[in-house]
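Input: structures, listed below.
Both complexes shown next keep subunit A, but they swap its partner, so subunit B is in the first and subunit C is in the second.
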Partner chain A sequence: MLTGNLLWVLVGTILLGVAAGLNGTFSFLQKQSLVGDAAAHAALPGIALAYLVFETKELPILMIGAAITSGLSVYMIQWIVNQSKLKADAAIALVLSVSFGIGIVLISIVNQSTAGNQSGLNDFIFGKAATMAKSDLIWLSGSALLIILMCLLFFKEWKLMIFDPVFAKGIGLPVERLRTLLTALTVLTIVTGIQAVGVILMAAMLIIPAAAARYWSSHLGIILVTSAFFGALSGAFGTMVSSLRIGLSTGPIIVLVAATLFLLSFFFAPTRGLLSKLRKKKEFKQRRVAQEAMSHE
Partner chain B sequence: MNALQIKNLSVAYEDKIVLKDVNISIPVGSLTGIIGPNGAGKSTLIKAILNQLPNKTGTVHILDRPLNPKDLIVGYVPQRNAVDWDFPTNALDVVLMGRYGHIGLMKKPPAKDKQIALDCLKNVGMEAFADRSIGQLSGGQQQRVFLARALAQEAEIYFMDEPFVGVDAATERTIISILKDLKAQGKTVFVVHHDLQTAGDYFDWMILLNKTITAYGPTKQTFTQENLQQAYGGKLFFMDQAKSNDNLVGER
Partner chain C sequence: MNEFWVILTGALVGITCGLTGVFLILRKTAMIADAISHTVLFGIVMAFMITQSLNGFWMLIGAAAAGILTAYLVQVLQTGGLQEDAAIGVVFTSLFALGVLFITLFAGNVHLDVEHVLMGEIAFVPWDTWIILGVEMPKAVWMLLIVLSLNLLFLFFFYKEIKLSTFDPVFALSIGLPIVAMHYSFMTLVSLTTVATFDSVGAVLVVAMLVGPSATAYLMSKSVSGMIVWSMTFGVTASVTGYYLAKFWNTSISGMMAALVGVLFMLVFLLKPHDGLLWKTVKRVRLNNTKSVV
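Let's look at the complex of A and B:
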């Protein structure tokens, strides 16, 4: 049954799913999905540091800590690519693993100093939506709504910036600022989702709904709506299932639901799905055979 | 008034100099071909004029003023392979992007601008493909969409980077007629072009380029065998025929 708190949790994770679905579509099209993955992992040291410094579990404070290290990781990836001969994939892998390593070390320090897992920071690794407090959920929802609003406001600018940045600059769009804004919102999306979904799997919420939605349309507006819908569905289902059993983390369930949606899209989406493509190939071949038979007569 | 005036322009990529000491002034209303061998810096010149390159020195004036993108006086047709045509959008939407500067930030495109975009698509003979997703268009059709987008900018000066590359005959005719229309409207157009066979017919002004300007001016005076040989170095060969002594064949 839907208890009062679970209803709040559902609203929160649905809004989070919509926000990540929208924002994720833009970063997916920008081919920045992996940067999001690194940024999500890099949220962990920020959470632990914020806890160590302020000795509080207040979500806004942990979110600020996470945003700082997460944003720093994006900056570091760009810095490494600009300053060295390393390519983006190596820079991303480097920053991702190092920051996650630091995060795990810091979490261990926190856990030792506070008798076992009293801090509850471990929940930030895989996510624990079902037991989130109502005040935390209000933060989560507010932040998700802000992301959704920004994605609607800057829809046309981001579309042009991603499709043709040179042209965008040529007509006076502030391309650099638009790009920074999109990155900042990706970090905000990650930070918004860390408690519910966890740092390891938060990137999946950005990537999978967007990748699945790409199969259903070649029109950005429709892709955004589909991706938001898939995100919401994953969030809602993941929360429901993980609330059924104590000790079940939310993140993995959400990812499994999203992955199911992706597989369905991959195989069964009209025109772009695998089955539809195979069918068209077969029809084409049959027509060719028929034509050849005709011409031999 | 000069459409374009460049003084002492040099451009470097990292430590390699790509353009050196470019000095030109081109009048309003001209249709100018930018001609030169591969790697001569033709696209670089356009990007430098459009203020898209960090490492440059010298001054560029467009209509006697430094370029400010917000003035919306410059239209641009990039090379077709400069964008990812798999991007999820349709032909009309791409043309509408030419209106974004006029529409303003965070605003939904009004019906008026959609109509302009549609008219521009019609202008290049692509109105039947308005709803077609851009990935399904042929190379020539994609080029026409890019051209329509530039028309939608309603600019004064146009820069086109290799618009004739890899297009079908119908598209080539469309581009030529659009170039003539623009000229008739008193607009100024610059076209990066590498086909010497057609260059003489298409343009009334020429810029011959090879890292620096080797010659520029009205086509009749500029497009000579001597000047071309200087721009192309030893890479050109000519066929001597009885009737014409400078029948150009092409780049070796």
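Let's look at the complex of A and C:
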């Protein structure tokens, strides 16, 4: 079953899961999770535009197009929030839906210019990891490795920037530049993952493992490792399951595996999980009752 | 005649979404609307799996249930200690993925395909008709009219209440308004609006129609009633112009409508007298010049 190509796909999605898990944790802690969602939707017009201009399906060129528009969308959100009285949620929803609309317009133009539905750009909406070509997977793995490396390299600086930006500025860290770098890396993560997972569900890869990992610890290091592990697990599982049947998109299944991991964490994680919280409440109540009984004797 | 129905549908989408969208912006719940527009897919698939039919009525029920479920789950995760943006992100991506999976597994060969759900096809609206009370009109027009009148009824009876619970929830609670019930009934209306606009513009682009015109209206007006009027105007303008431009360039109508929503927003954002970005910049430059003269 583990033939050559599937092995490559597996390596690719696992690396992607690790990269998204690490990067997602940082954007989760910055409360920027939904900006990632908008950036992922905004990759669609970039892909279509790159295809229209260069008339090629080479992944690197499409990725550059996607990176430009999704980076632009993050910048637009900040610009709208800074320059008008609109709140962040409205700006995110607006940029997300309008850029997705423009993407659909461009894709339908592409589908008309190439005979029928030959361009295969529609696959970018839900992802087709199981049928990706080997050269594309090498690109995917390479850029995922780069993201992982960067996350490890800037671990200390980002940690400080997220938890105490004022102190970070005080000791001379270039906080604004670090923040831009983190955003750029988020965009790179999204662009890396869209062919495998699709633009709509790529945000889930960034959000769900990080949110699940948060239940297991309050130490950034442990959260990062857990989140990377959850990401890798959902990538691997999702790919295996979706390769079992033809016509099954990879994206939804990866997301559902991640969601299952999230539910398990939400209920059963020690100390922060729902069950252990309930148990603690109960124990506290019993102790109170016992104490009351003692004091009445 | 077909063109008339398509344009009427577009205009009704603009009016209905414009109306609901105003309160989405004011209550800062635009992203929950985005979440609901994705999870409505799940509700429709569930309704299809249970009833085995594509009856519009059951679709409305399924969508409403999915909308309430989404709002409720987000609330549960938030009280469980998860920050709001992540709670929304987790809920809607999971339910959406589940919806897509169910479609590919169980409903692959019916009309319910994912692309149709995402992008809609307003050009096909005139051929799918319903006869109610002896009047034959396209299904989409009927559904939009029903949902629009529900929205209007809700606002007619609770306009004061929803305004108060939007701007001062603490005071509203203290005088005994059921603000939780208000929240959930509003979210139900949002999901009904989403499913009614679904056939014409699709699940993802509904967000553009819900949030875009009302966000633009938010920049234009300082009163709620003014916002509602502007928002409807922008919605209708975007959908009608979007239709003609899409016809002219022969491309996706729903995508063009969303793009037009963006264009309208940018126009107001940049050019509005007094608060527009361009106006502000000109004023600043002039001020700098007078200073240097002095």
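Here, the second predicted complex is superposed on the first by the 297 of 297 C-alpha atoms of A that agree within 3 Å, B and C clash if a C-alpha of one lies under 4 Å from a C-alpha of the other, contacts with A are read in each partner's own complex, and residues count from 1 in each chain.
Keep in mind that, in the parts below, contacts are C-beta pairs under 8 Å (C-beta built on N, C-alpha and C of every residue); 3 or more make two chains touch, one makes a residue touch a chain.
These numbers were taken from a predicted model, which means no experiment stands behind them.
Undergrad: Record, for the superposition on subunit A, whether partners subunit B and subunit C clash or fit.
TA: fit
Undergrad: In the superposed arrangement, which partner chain does A:L7 touch: subunit B (first), subunit C (second), both, or neither?
TA: So A:L7 meets neither subunit B nor subunit C here.
Undergrad: In the three-chain superposition, say which chain, subunit B or subunit C, touches more residues of subunit A.
TA: C
Undergrad: Report for A:I104: first if it touches subunit B alone, second if subunit C alone, otherwise both or neither.
TA: second
Undergrad: Once the structures are superposed on A, label A:L201 by its partner contacts, choosing first (subunit B), second (subunit C), both or neither.
TA: The second partner, subunit C, only.
Undergrad: Go through the superposed model and pick first if A:R214 touches only subunit B, second if only subunit C, both, or neither.
TA: A:R214 contacts both subunit B and subunit C.
Undergrad: Go through the superposed model and pick first if A:A290 touches only subunit B, second if only subunit C, both, or neither.
TA: Neither partner.
Undergrad: Just checking: does A:F163 make contact with subunit B only, subunit C only, both, or neither of them? Give me first, second, both or neither.
TA: first
Undergrad: First (subunit B), second (subunit C), both or neither: which does A:L278 touch?
TA: neither
Undergrad: Using the superposition on chain A described above, determine whether A:V53 touches subunit B (first), subunit C (second), both, or neither.
TA: Neither subunit B nor subunit C is touched by A:V53.
Undergrad: Please give the least Cα distance, whole angstrom, that subunit B and subunit C reach in the superposed model.
TA: Least C-alpha distance: 10 Å.
Undergrad: Which residues of subunit A are in contact with subunit B in one complex and with subunit C in the other?
TA: Overlap of subunit B and subunit C footprints on subunit A: residues 214.
Undergrad: Give every residue of subunit C touching subunit A within the complex, in rising order.
TA: 25, 28-31, 33-34, 38, 77, 80-83, 85-90, 93-94, 96-98, 100-101, 104, 108, 114-115, 118-119, 204-205, 207-208, 210-212, 215, 218-219, 246, 249-252, 254-259, 261-262, 265, 269, 275, 277
Undergrad: Touching residues of subunit A toward subunit B in the complex: what are they?
TA: Touch list, subunit A to subunit B: 29, 153-154, 156-157, 159-160, 162-164, 166-173, 214, 217-220, 223.
Undergrad: Please give the residue numbers of subunit B that touch subunit A in the complex, ascending.
TA: For this pair, the touching residues of subunit B are 47, 50-52, 68-70, 72, 74, 76, 78, 82-84, 87-90, 93-94, 97-98, 100-101, 103, 105-109, 133, 135, 149, 153.
Undergrad: Under the touch definition given earlier, write down the residues of subunit A that touch subunit C in their complex.
TA: 28, 31-34, 37, 41, 80, 83-87, 89-94, 96-105, 107-109, 112, 122, 125-126, 200-201, 203-204, 207-208, 210-211, 214, 247-249, 251-253, 255-256, 258-259, 262, 266, 272, 274
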